[in-house]
Amino acid sequence: MHQKRRLELIIERMALERAGRILEAAGLTGYTVISAMSGYGGGVRWSRGSDISATQDMVVVISIGSTERVDAALTQLHDLLDDHIGVLNVATVDVMRPELF
Amino acid sequence: MHQKRRLELIIERMALERAGRILEAAGLTGYTVISAMSGYGGGVRWSRGSDISATQDMVVVISIGSTERVDAALTQLHDLLDDHIGVLNVATVDVMRPELF
Amino acid sequence: MHQKRRLELIIERMALERAGRILEAAGLTGYTVISAMSGYGGGVRWSRGSDISATQDMVVVISIGSTERVDAALTQLHDLLDDHIGVLNVATVDVMRPELF
Amino acid sequence: MDLSLALSTILSPVVLFFVLGLGAALARSEMSIPEAFAKGLAIYLMMSIGLKGGVEMSHSAITSQVAMVFGAGLILSFTLPLLAFAFLRLSSKMDRIDAAAAAAHYGSISVVTFVAATQAVKYSGLESSGYLVAVAAVMETPAIITALLLAQRGGAGTKAPVAGSERGELMREVFLNASVVVLVGSLAIGWITGEAGMTRIAPFFVDPFQGVLCLFLLDMGLSAGRGLRRGWRQLDAGAVSFGIYMPLVSAGLAALFALGIGMPAGDAALLITLAASASYIAVPAAMRLALPKAQPSVYLTLSLGITFPFNLTFGLPIYIYLAELVSR
Amino acid sequence: MDLSLALSTILSPVVLFFVLGLGAALARSEMSIPEAFAKGLAIYLMMSIGLKGGVEMSHSAITSQVAMVFGAGLILSFTLPLLAFAFLRLSSKMDRIDAAAAAAHYGSISVVTFVAATQAVKYSGLESSGYLVAVAAVMETPAIITALLLAQRGGAGTKAPVAGSERGELMREVFLNASVVVLVGSLAIGWITGEAGMTRIAPFFVDPFQGVLCLFLLDMGLSAGRGLRRGWRQLDAGAVSFGIYMPLVSAGLAALFALGIGMPAGDAALLITLAASASYIAVPAAMRLALPKAQPSVYLTLSLGITFPFNLTFGLPIYIYLAELVSR
Amino acid sequence: MDLSLALSTILSPVVLFFVLGLGAALARSEMSIPEAFAKGLAIYLMMSIGLKGGVEMSHSAITSQVAMVFGAGLILSFTLPLLAFAFLRLSSKMDRIDAAAAAAHYGSISVVTFVAATQAVKYSGLESSGYLVAVAAVMETPAIITALLLAQRGGAGTKAPVAGSERGELMREVFLNASVVVLVGSLAIGWITGEAGMTRIAPFFVDPFQGVLCLFLLDMGLSAGRGLRRGWRQLDAGAVSFGIYMPLVSAGLAALFALGIGMPAGDAALLITLAASASYIAVPAAMRLALPKAQPSVYLTLSLGITFPFNLTFGLPIYIYLAELVSR
């Protein structure tokens, strides 16, 4: 197994395309997006089904990549999270086919 | 980057509010909930679309927080999982803005 | 806390049952499936809502298990990913009830 | 018993679509009706019967007979779980907590079975009153209280509350769940706006009703079939037979009430159906909160996998027949 | 002002279902209408009013009065945010960027309020013209431009673009969002196919319309109630009162335009309603892209939690009354 | 060829909504119809045509002509993939496995194209028979078998089965997928309950049908447009032209069968449309299981992005014209 980095970005849906462009520009080969159902932050609970504007929806973006590529994305993502609602974490994971990432 | 803990709780949807209250009481600043589509456990497969009562639905709760706060939640979550269906895991992750968690 | 492995398989929905059978055969006690909303790979973006055939949908499978069981699944999953679209990563996590996995 | 009526109930499109779904699920078809779509249809069905019931209620005064039917409904919902619990403990190997949880389902009601009954009653040439929708709403919850008392007598009462639980969460789940809100709300709206308000919305809430019910029951069939496939191993022969004789026992008791009150046949058929039907949405949710240690696969398989299909196919003609007997 | 008309608007099934949803959410019921289902209904409603408007437009020529109404709509959408911004800065503690974002909502429109108004107008015995659907579409976006200019004057203009943003993404969101595409598209299709095309699809797009609106407004009520419960702490008294007096101010201005142009009462009522209504779907989305630092809970609570309920219940009868005044 | 008929087909609301969706997607609008809602509508459409077909079949006996049409459908579904495969290998750069997978789509059918054809036939003043729904169901799967044989001849047959695969999973997918279950099931239910059962559910399954089709085709347009935007780079000129000439070739062959059998014009038009249409739901799913190495973006773009739009707009009038030619 080979070590890679797993980036997990929880961000408002409206900023998803911007986050995607950043990941793509950093050379990450792929990412997968999951839509969140509800959440809590800043003392407030929200939930998807109950907001007709859907403006407050959050998504979870997962991207597996090499340390360099993930790091390359981080500065820009940091800036994005200056403007948009969200949090980010990175973990070390093992993969079987390092050439994919 | 700063080390934090990532708590991942897979639990039945009906117990979600209870889990949320425990996380909030432990001082965690936020969590995000994802609804599971299907799963397998105890030798049985379930899947969301096929259960009209939705009682057997599972959700995945992700919460990033400091070691102390996550640990503070763990005892209570352990008790909750005594009564309710679910599993839990915690991992170490890196974050950029430690003050958020 | 006890160390276990967390397997995360991102795979096309049509291959989900096959992946599930592999995990079950490897003795993993459970897994949870989340349906992805969109993604990017091979230079192409896809998104669930926009594909009426749903053939290109991806899912995320999470399974917590002992190192042996996860390793037992890996060879077969490697073969599965030879045929089907997807990526896989494994991380080390802490759990409270080791007997469950 | 009029066989041709029974046959025409069983061979109605509504029941046949249910059977189609059941068959497909048992044959391991992967087909499904999206959850969001089915849940939307469920809300539509409840709004529709609520509205129709409310409009009918706006026509007629609340007589003492009506009050007695509400009383009968309440008594049935409170007491049927006692019977169900006793039967389950005697005839199956269920432990106290599983038996109490399952018993709650049989005191409560199934809105869809009720809806199917209103249609079957109508096509049998009988008439029924709108206020029975309100009786259905009233019968949803008392059974839950009885079941909790039954479970507590076994010692569950001395336990500390579940971690993270909150006072009032069960009450909210029980009294403000979707089916209570929509049924009671639509009933009130139908009652307030009356015939005039109804004519504007009839092309949506009245005309397509039967067709929507077909689509919904296709989904119910899939759900029941999948529940059965998943859960049948959890049920012993005693439990399975309970799923069939219990509705008949409840129906018999309700028929006695109908006889005593002197209800007209159509109304009696609906009260009997309510008693015979078992919940598979509201009560399971309440049980997950109140008795999380009870196994959901046990009570859901019983209620949705055995009793619901039985009621929809063989049950309804029997209940209508019974109603005609006691209303002569 | 005709009180019985006001009462019959407020006690229509459509409004009562909204109130039911609002009440259930405020009482902390967990019930919900699946998002996918509600969004599907929203598209249905927009297709329906687009088609009906288009068919009506295919009958009648575009007169100079029609052109003037479009002009009035444009002017209102461009300028109302200026007024709203000034009021918010004076009467509440909102900062520039929050006030600009909120102001955009009040220059734009709410399709559902418009739809409810067409129904209320119809049941008041008035007639309205199909082209007002096109006016609604035209009024959706100008307000966004004004709001961006207002925000920039405070220095936001000198800032670098948000990381990952792309030229054209805002334009795409604003001009190709679902409500613009479906409204304008259906209008064109109704206009092309005319009466002949419409008769085939009327059983779906015309007859059940009112009923679907009930179901949709139940969901809107839930959404508004939950928004309120979550967001009311974000609003001071000044902001809350703005949510009620601003639509009245806008209505007054629009009434002057209607008077000047000499619009018939039904059309005037719709123009007034458009001016008085505030966006809660298209504009919030645009604001998340253009002014991400503005707090969504502020503008959404104001628009969906305060103004929308006010318009739907008390607003509509007032606007119809106003329209009758200025069209005498 | 009757141009006004062609025009009226192309300018029908149904086709115009498809074009609207296609245009919106190509213009990169983010609008979408929720998947769950669209899938619910798809099930509705299949139930509706199944029921109508079944009721019609309950009226008329199964003649030898009917049997011949089933035979023709089977032969076409089995053999068209051979032709399609040969064409693709000659005219495009697709490898054997991609070509085999794509060929399967052209032997199978598109239910939505069929549905649109039934409407176009009806509005052309022709009549068609209910049993063609059954022919559609029968034509869904044979093509898959042919394609698998084609792929195996290239060596795929000697390979070990895919990891985790199970005997029977492909069969289940192919014979118990949603469209087969719902079409065949509804056909049977329509046939059993006949006219009497149908009248009760017609307000839901018959009257709104055309309108629902509009909404559904708006979604199909979005889907086709997005598929095109994503996948067009995968197709060379040979493949693109195949997407247009192949349906014409299939139509020609089917027309010969219709001529030989002596089918009436309406029925012939439907058989021709079935042959000309290409699957984009059932076959892609089967191909992911059976030939996972074939690229889905190739066959989906071809079938949904090229052939479906062609059939819906230009194809249908051509097929009706052809049917009138061969049935004189």
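Which chain is which? They are A, B, C, D, E and F, in the order written, and residues in each are numbered from 1.
The rule is short, and it goes like this: a contact is a pair of C-beta atoms (placed from the backbone, for glycine too) under 8 Å apart; a residue touches a chain by one contact, two chains touch by 3 or more.
Being a predicted model, the structure only gives us computed values, none of them experimental.
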- Message: Applying the touch definition from the top, give me the chains sitting in contact with each of chain E and chain F.
- Response: D
- Task: Please identify which chain has its centre, taken as the mean of its CA atoms, farthest from the centre of chain D.
- Result: A
- Query: Greatest Cα-centroid separation from chain C: which chain?
  - Reply: E
- Since chain A and chain B are copies that touch, just let me know if over half of their interface numbering is common to both, same, or not, different. different
- Query: Which integer distance in Å separates the CA centroid of chain D from that of chain F?
  - Reply: 40
- In whole angstrom, what separates the CA-based centres of chain A and chain C? 18
- Distance between the centres, which are taken as Cα means, of chain E and chain C, whole angstrom: 44
- Touching two or more other chains in chain E are residues 32-38, 40, 208
- Residues of chain C touching 2+ other chains? 20, 34-35, 45, 91
- So which chains end up touching which? A-B, A-C, A-E, B-C, B-D, C-F, D-E, D-F, E-F
- Message: With touch defined as at the start, can you tell me which chain C residues reach chain A in the complex?
- Response: 8, 10, 34-42, 45, 58, 60, 74, 78, 81, 87-91
- chain F residues within the chain E interface of the complex: 11-13, 16-17, 20, 24, 27-38, 40, 123, 207-212, 214-215, 218
- Message: Residue numbers of chain E touching chain A in their complex, please.
- Response: 25, 32-35, 38, 162-166, 169, 219-220, 222-223, 226-227, 230, 280-281, 284-285, 287-289, 292-293, 296-297, 300, 304
- Query: For chain F, which residues count as touching chain D in their complex?
  - Reply: 34-37, 39-40, 43-44, 47, 51, 172-173, 176-178, 181-182, 185-186, 188-189, 192-193, 197-198, 200-205, 208
- Task: Over in the complex, which chain A residues touch chain E? Could you list them?
- Result: 12, 14-15, 17-22, 25, 44-56, 76-77, 79-80, 82-84
